[in-house]
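In order of appearance the chains are A, B, C and D, and numbering begins at 1 in each one.
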Amino acid sequence: MTSMGTTGFEITVNLIKTVLVFLMMVQAVPILVWLERRGSAFIQNRFGPNRVGPLGLLQLLADAVKFLTKEDFAPEKGNRFMFYAAPVFALIPAAIAYMAIPMSVPLKLETATFLIQGFEINVGIVFVLGISSLAAYTILMAGWGSGSKFSLMGAMRASAQIISYELALGLSIVGVILMYGTFNFNEMILQQQGPLSFNAFGYTVATAALPNWGIFYQPVGMILFFAATFAESNRLPFDLAEGEAELVAGFHTEYGGFKMLMFFIGEYGHMMIASGLMATFFFGGYGIPYVSIQDVQNFGMNLFGSEIAANVFNTVVHFLCYNIKFGLFLWIFIWVRWTLPRFRYDQLMDLGWKTMLPWALVNTMVTAAVMFVTTYFMF
Amino acid sequence: MPLGGVIFITIFIGVFGFILIRLARLTGGKAVKTSQAKFDIYECGIPVQEKKDTKISVKFYLTAILFILFDIEIIFMYPWAANYKNFLTSGNGPFVFGAMAFFLAVFIFGLWWEIKSKALEWD
Amino acid sequence: MTADAFLFWFLAALTIISALSVILMTNPIYSALSLAMTMVSVAAIFVTLQAYFLAGVQIIVYAGAVMVLFVMVLMLFDLKHELQAFTRGRFSGAFKIASIGSLAGLLVGAMYSARINSALTESSIAANATSKGAITPLAEELFLRNVFGFEALGVLLLVIAVGTVALSRSKGGTHARH
Amino acid sequence: MPDISILTTITPNHYLVLSACLFMIGVAGVLLRRNLIVLFMSIELMLNAVNLSFVTFSHSFGKVDGQVMVFFVMTIAAAEAAVGLALAVSIFKRFKEVNIRFFEHLKG
């Protein structure tokens, strides 16, 4: 329990916080489903679900009732233990990996400081990559436990796809780590505060027009990373696992009702991880462009006049800023899904291995070389 | 590192998921066997064909092997990348840069060989 | 009982139970999943020893890559059940178990006779690991003093990649006729 | 009241004994099982046990040499698994099983 806190109060709050983050994730899924259905209808010039409640918002409740009243089914040919365990395991990696991403400035109260994230991990990137790579087991367990050929084929495809793109994902992050020199998300975000400035050839280059965000240092890395996360979360244009024309529904062919919903939560969880990481690596995390954390704090002090209220205000404002960025990336995920057609499997593998991996390598080498040259040569 | 918290939430999510599945069974009820076809696995409408040897291409596992090998090479770059700035400022920059250049050359040669030998072709 | 001690016993129990189920399960897929579980709990034990980066690598390389490969290969084979999961022969089995037991006793005894009496405290690595340079000592050791091993491993991985491709060159799936 | 300090105070010895237990489980697996892939898994268990003791010593002596060694061991273990499984797949294609019974086919 080393850094979950020192006093009983702190430990309790921190544990409740992890549960809250998890429940937030679970709660975000119906909203995202609604957004996806309405968004796709908007993109395709349809109406989408608009009958149940205002804007169709109560459709979520109707769906939940439908899920609850479905009868519980498991195929006779399959392996019952695996079949039931797979959806439960689908939740775990997505939720735990998301908890490592900081969502706001730490909340300072009188006696204790609480981080607005599930838990802080000093090797954050390695943790998130490792935990989310465990998602491959879920897919293999589901595919094998169903005892169906379609499920097994879908599971094989999905896991081969996930591991192939994990390479491009891992390698595109190397450039980011080179730039920040740390694995810790909070340190990365703090380094992205303030206006764009860097040292080159013994000079300091600075401009107040742009924030000091990672995207200006790693544009290629950002594109590669974002593309790879699409494949990691099995979204279109990379949802080969469930190419319905060939494989019915991939590894979850035999699933229905709540078990299906849990796979959905896992998939959306991976989308959320990807969006959170995009914000953290390349877009300043919870930081507000052109405004520093201290500015917000001072503004809160002037507004409320008390230290604690200012701290709470600071945290809430940064939390909102993080959520705007986060929501934007989630929307891009949905937007892309309804815009691009699906790849063919060989095209998918070619893209991962023969295009993205070499480009990520080039990105890494160029980053390292530029850092080397700008440090060692002075004019 | 908040190991206790990670273990706690893992157990919590496991119990949560288990309860959800039990709840769905309570409200929805267990599937009633009205016919054999209902309990068969999906097979596009035809009766289930018992075929022992579902052919799965060796390509999948070859991909997995190549993934492991390249993944380890990428993992080796992580400590290097996280510490590169320190190396540059402490004067070890050229040495470490050269070491990683050689390593990357080997990596690129491996990738080039795999592509050239058509180990990554899917047809 | 302190939280750290509780954590250690919990993780030790988890590791031992999942390791035992690796060798006792007759279905090899269950064995592989138990081994993945063992790897994750060993990673957690690395965390209690303040080897954070290694714990991450353990999860990425072992649990996320090597064991996925094992599970995939086992699913490719699709061995429904094993007729002969364990070695034959009552006598030789008992003999093997006895020899394993005595070896285990010997090892544990040796460890207790040469016991390191210092309690597990925050080591000097941990002091570095919590600050900004999370893995500075590891990186310096790896890239400045063990650089030859590092390069040699790069070449080894290349050789393995070439070798496995050559091994699995032959056409057809896992059930191809010859 | 019995002395329970062995339960409440965790020393490097605890970790070393755990590592020895893991190693022994691995040895038992290699000796007792007949499935080639389970044999590989048991070898991975043994390598993990060794890694655990490396990390323990690295921690108790305050040096990172052990951790670097673990890094190397992990790499070699993964490489070994890759080659071993490639061999296992070849054997499976030939004999349709991965039981070590196939060694009988190797007799002249």
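Throughout what follows, a contact is a pair of C-beta atoms (placed from the backbone, for glycine too) under 8 Å apart; a residue touches a chain by one contact, two chains touch by 3 or more.
Just so we're clear, the structure is a prediction, and the values are computed from it rather than from any experiment.
**Q** Measuring centre to centre, with centres taken as mean CA positions, what chain is farthest from chain B?
**A** D
**Q** Please state whether A-C or B-D has more C-beta contact pairs across its interface.
**A** More C-beta contacts join the chains of A-C.
**Q** List the centre-to-centre spacing of chain A and chain D in whole Å, with centres computed as mean CA coordinates.
**A** Chain A and chain D have C-alpha centres separated by 34 Å.
**Q** With chain centres taken as the means of their Cα atoms, state the distance from chain A to chain C in Å.
**A** 29
**Q** Rounded to the nearest whole Å, what is the centre-to-centre distance of chain B and chain D, using the mean of the C-alpha atoms as each centre?
**A** Each chain reduced to its C-alpha mean, chain B and chain D end up 21 Å apart.
**Q** How many angstrom between the C-alpha centroids of chain B and chain A?
**A** 16
**Q** Two-or-more-chain contact residues of chain D, please, as numbers and ranges.
**A** 71, 74-75, 78-79, 81-82, 85-86, 89
**Q** What are the residue numbers in chain B that touch two or more other chains?
**A** 1, 3-4, 6, 54, 56, 58, 60-61, 64-65, 67-72, 75-76, 78, 82-83, 86, 100, 107, 114
**Q** Considering chain A alone, which of its residues make contact with at least two other chains?
**A** In chain A, residues 1-2, 121-122, 126, 152, 156, 159-160, 163, 166, 182-183 touch at least two other chains, as defined above.
**Q** What are the touching chain pairs in this one?
**A** Inter-chain contacts occur between A-B, A-C, B-C, B-D, C-D.
**Q** What residues on chain D touch chain C, complex-wise?
**A** Touching chain C from chain D are residues 7-18, 20-29, 31-35, 37-38, 40-42, 44-45, 48, 51-52, 55-56, 58-60, 62-65, 67-68, 70-72, 74-79, 81-83, 85-90, 92-94, 96-99, 101.
**Q** Please name which positions on chain C make contact with chain A in the complex.
**A** Spelled out, the residues of chain C in touch with chain A are 3-4, 7, 29, 33, 36, 40, 43, 52-53, 55-57, 59-60, 63-65, 67-68, 71-72, 75, 129-130, 132, 134-135.
**Q** Under the touch definition given earlier, write down the residues of chain A that touch chain C in their complex.
**A** 1-2, 121-123, 126-127, 129-131, 133-134, 136-137, 140-141, 143-144, 152, 155-156, 159-160, 163, 166, 182-184, 187
**Q** Quick check on the complex: what are the chain C residues that touch chain B?
**A** Against chain B, the touching part of chain C is residues 3, 7, 10, 44, 47-48, 52-53, 55, 57, 60-61, 64-66, 68-69, 72-73, 75-76, 78, 133-136, 138-140, 142-144, 147, 150-151, 153-155, 157-158, 160-162, 164-165, 168, 172-176.
**Q** What does chain B use to touch chain A in their complex?
**A** Residues of chain B touching chain A: 1-6, 8-10, 12-14, 16-18, 20-21, 23-25, 27-32, 38-44, 48, 54, 56, 59-60, 63-64, 67, 70-71, 74-75, 77-78, 81-86, 88-89, 93-94, 97, 100, 104, 107-108, 111, 114-115, 120-123.
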